[in-house]
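Per-chain numbering from 1; labels A, B, C, D and E assigned in written order.
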């Protein structure tokens, strides 16, 4: 099946249930979503609603139970080319026997990027996330936030066409987070990437996204979408203090609030 | 096993129980026959055969008094004696038939090898079952007796069961082999060309029942009774070869058909002193021992 | 600075003392307890040590020990290659595992003495048979450990490798590398086993080699000499284990770090 | 739930238990055909009999009481040795492995003792034990080493964060062994179990082959010693069958015990 | 050495350096800190500055290179009794072979809490973090945020005297985070625990803490401390929108900003 419209990513009636001996969990149900080429979409939703599951299915790492995912018109059955992923479990996604530099370099080597260019890309990415001095350390010698930044650097150095990020800034401090947000925004502009960005920080979602997608509680479907009509050029102080930002933020917040929370989780 | 009463224990019926250790091979046939015929009982003995044994375990078992008698090839016993182990050869367990051309062990080659006499094996690879026992001596002696240089033989160890295959697959030029593998080898096209047993000595004791010096000192009457009973058993076996052949399949995996065909070992009453001397000489030359053993200590008069 | 050096020396000395303490203790005990042993099969240690010098510091070393070591090396290398290779296939693809597991289970239970007759016919009596016996004895711990190690590789790592579409080779390499802690467990087992199987194979069909020499001593009741062979085997095992440890230390340093115990062995 | 027709290519449908068994049987069949072809092409049936000759003989053996007695004895010896090894290996492994200085003190001795082939010691052992006991000892010693080393390596694979967690919630040494290290070492022990099941069987048979200890090994030895090759191969075939049965049992046990482990859950998960 | 003042925790001139062949990192240097019994101290600081290291040393899991830590007057050399820790690597700190319930129950069992009480405490803690329905799942069947909540439930059910939390809410959504914050505050009030709480969220630090401690960049020492003079009873809407909150927040933020960031990390 091939779709012909110009969307990069089309998710049609996607459903996913995990089965195990003791319990079956319907994680996703009736998810419909379209992402245009070059778009920056932020995804928010309550913990455990299926955001990670959704990203994994889009990445071709997990088969859907129902429905289809199309990337550039072709059904996703395996990880597509030019895909970058920052996993939520950043620590486990680093190869412990490789240094920071080697971890970042690995996908580039596999893609056949020449030695000199590779070195440059790696150094640039590491500097950008503030890990230049730690290039020769092993992941287990780093703090949690540093490990997360290695995973980000790896994805960024790869210059993917589609970048999937699963709470990529969860373990860094506020300052670094702001810097990384701006870094990501810059790269997205410059390299015309398509970004799907899962976060729990609604401010961050509004600040970064061209569109914010809200997933409902498990089994999750898309319960709301907000186009973010903030100016393309954003900056931490100006944008965040603008009135429109506040409005959008409140709108999204209201939606997220609406989804049943802790108290209401039925047995 | 050690669960049996050992050390020649007395039993209720007035008989003395003795334990014999031996692998379940053809030479046990007269023993089983004798037990059937009551020969042992007549001499006040009750026999228990322990087949859970091997070359590795029998000497220590006998010396430790866990079994009373065991079989061992003469070279091994000579070596043991020389090393100061107190073993006493009591009576032969198997002996050459003394007839070249009709013995139960032979040097064989593949029929199509073009080799017709042992001398032609000079410098070639020949299989024996164990390098340190009588088989090696027999193989060498067959070549020497034929005027060849026995030292030039390259001996390798191959268990008897594999000999027919090793010969016909050309893995070795020749092999020393005993029954029932001699028959098997012949059936598969091997031909006997030398009869090392007869070359070694006229009256060759191949293996013997032996016991420990301790038992001889402690219970000389049991040892004597055992020897007398065995001799009687041999006398009976010599007269009733078909009964022996019929007995073999009952305690080995040899089929009755094969048992009817093979050459049966000779049964002698005395451990051959002459053969022992010769074997001792060989053992010394081959570096198995480096002093001459006192054979009077080994062979029970 | 100086204190650090002294501390380092102290630590070194402690390590050596710890490593040698128990062996020295055991040997002393053996020496004392066996001093007036009259049991022919348990000679005094002093006799064994004496025999050790006579037997092994001679041309026997070149005639028997070296060929054995060569067989060991080649057989072990073959076991490593086959064990890791097949283990990887078995661990990675459940179809391969399901297909082969009964067959492998079948071959695992065949002891060397059963294999040898077949090999004798099929391969002959040369070194090849012994090498096959050594390799086939040592291969199982490597194979099973590799398979299980590969099977247990973290899902997130697999996902990472898949998502970045790493080349097949580099992906295989990563998975194998992630499995090295368990592969090394197998390789270590195999080291001890291959030494034993080497001896057994030389005992069962041979004309030279350490195993042959030891079994010959045994059959000719040269008991102190036989024990000296056992001693030599122990020393060999110890030496090989040390070499192995050095290699392993380097290869698994990341693993110590990653599991959070950089300090321990 | 995977919808019928539209299963993506990468949905490696996990092979069900039946499929798994069928694959195994297919593997055996392939091996059998291979063996048959090779023997027919290269070997004389007298030396290496083809399967077509072995199988009927094996079927015959299955009806004979002595085969079952021998199997029973061998299994008993193997089981006793294996149990001893398992208990000793686990106890010594955990004791030595969880105390760093003990490990350092013992490792040289362990390395020294490990390569000593028990066969060499048989003549000495005979002085104090009977053949069946020696066989048990043979089995136990060899399996012990395997269990011990697997435990030692497994202990190194325990995640320190898990251990730290246990320490901070006031779990003592013993509790940590029960709740943390033991489960972490289990995967390594699972491998050990499959290894020692076959090693135990192989060595119980070796005991029969080299010492004449009653059981399958002794049967094999005596068939061989009588030139009864087909019978010998039939016994080897059946021995392998016993091995397969034990392996299946070991795998089942592992699946139950390790259902939480990545390896197992990856196979079970509906992916 | 035993100190006699009434502080629960006294950290004196603490230093820690990690050595490895390739690189030696001085993570902490000259850290002095005193925490009173029953106090709630929030710790903030840039990524990689040594917060985790500090917590591990306090927990007795890691030896200090220099200086001392005293807990209730006794030097810490091993994990003290009645300690609860939520590790930053929450995933690795859960026991994969135990269900959620068993994970939470374990510390209670080792403390000898009776069966019935245990069951009650566990159920209560799991409900509080919204995981009641997932009690029988295994950790790997949970989403990242759910795993993190299990770790929190475990610490909370244990009712420790000293609770160390290392970015415990990093993987949960905003709503859940707020709920968990309030839960924590309630428990702290009720059970008179002493809490040391590492976070990257400055708002959170100010909202929860009686005092906010700011660590400087690596090698970290305490560069500032702010007593939070907000009323004891705080609530998400009221407190966060109060003027004093804004002031404090800005003060802390200024301090954190002051610490050298990404660009300035020297090689």
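In this section, a residue touches a chain if its C-beta (ideal position, glycine included) is under 8 Å from a C-beta of that chain, and two chains touch if they have at least 3 such contacts.
Since this is a predicted model, take the numbers as computed values, not measurements.
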If each hop has to land on a touching chain, what is the smallest number of hops from chain A to chain B? 2
If you tally contacting C-beta pairs for every chain pair, which pair wins? C-D
So which chain is the furthest away from chain A, centre to centre on CA atoms? B
Taking each chain's centre as the mean position of its Cα atoms, how many Å separate chain B from chain C? 39
Centre-of-Cα separation between chain E and chain A, whole angstrom: 27
Chain centres from averaged Cα atoms put chain C and chain E apart, in whole Å, by 47
Junction residues of chain A - those touching two or more other chains: 18, 20, 60, 78, 89, 92, 141
Sequence positions of chain D contacting 2 or more other chains: 47-48, 119, 123-124, 127, 159, 161, 164, 210, 224, 261-262, 265
For chain C, jot down the residues that touch at least 2 other chains. 41, 117, 121, 154, 218, 255, 257, 260
Name, in rising order, each residue of chain D that touches chain E in their complex. 159, 161-162, 164-172, 175, 179-180, 183, 186, 260-262, 265
Would you pull the chain B residues touching chain C in the complex into a rising list? 55-56, 59-60, 63, 76, 79-80, 83-85, 125, 127, 130-133, 154-159, 161-162, 165-166, 169, 171-172, 288-289
Complex interface listing, chain A residues touching chain E: 18, 20, 22-23, 25, 44-52, 88-89, 91-92, 128-134, 136-137, 141-146, 149, 167, 170-177, 179, 200-202, 253, 256-257, 259, 261-263, 265-267
Footprint of chain D on chain E - complex, ascending: 56, 59-61, 78-79, 81-85, 87, 89, 92-93, 95-98, 106-107, 110-111, 138, 140, 154, 158
Over in the complex, which chain C residues touch chain D? Could you list them? 15, 18-23, 26, 39, 41-42, 94-95, 98-103, 105-114, 117-118, 121-122, 140-141, 144-145, 148, 151-155, 181-182, 184-186, 188-189, 192, 195-196, 199-200, 203, 211, 214-215, 218, 226, 229-230, 233-238, 240-242, 255-256, 259-261, 264-265
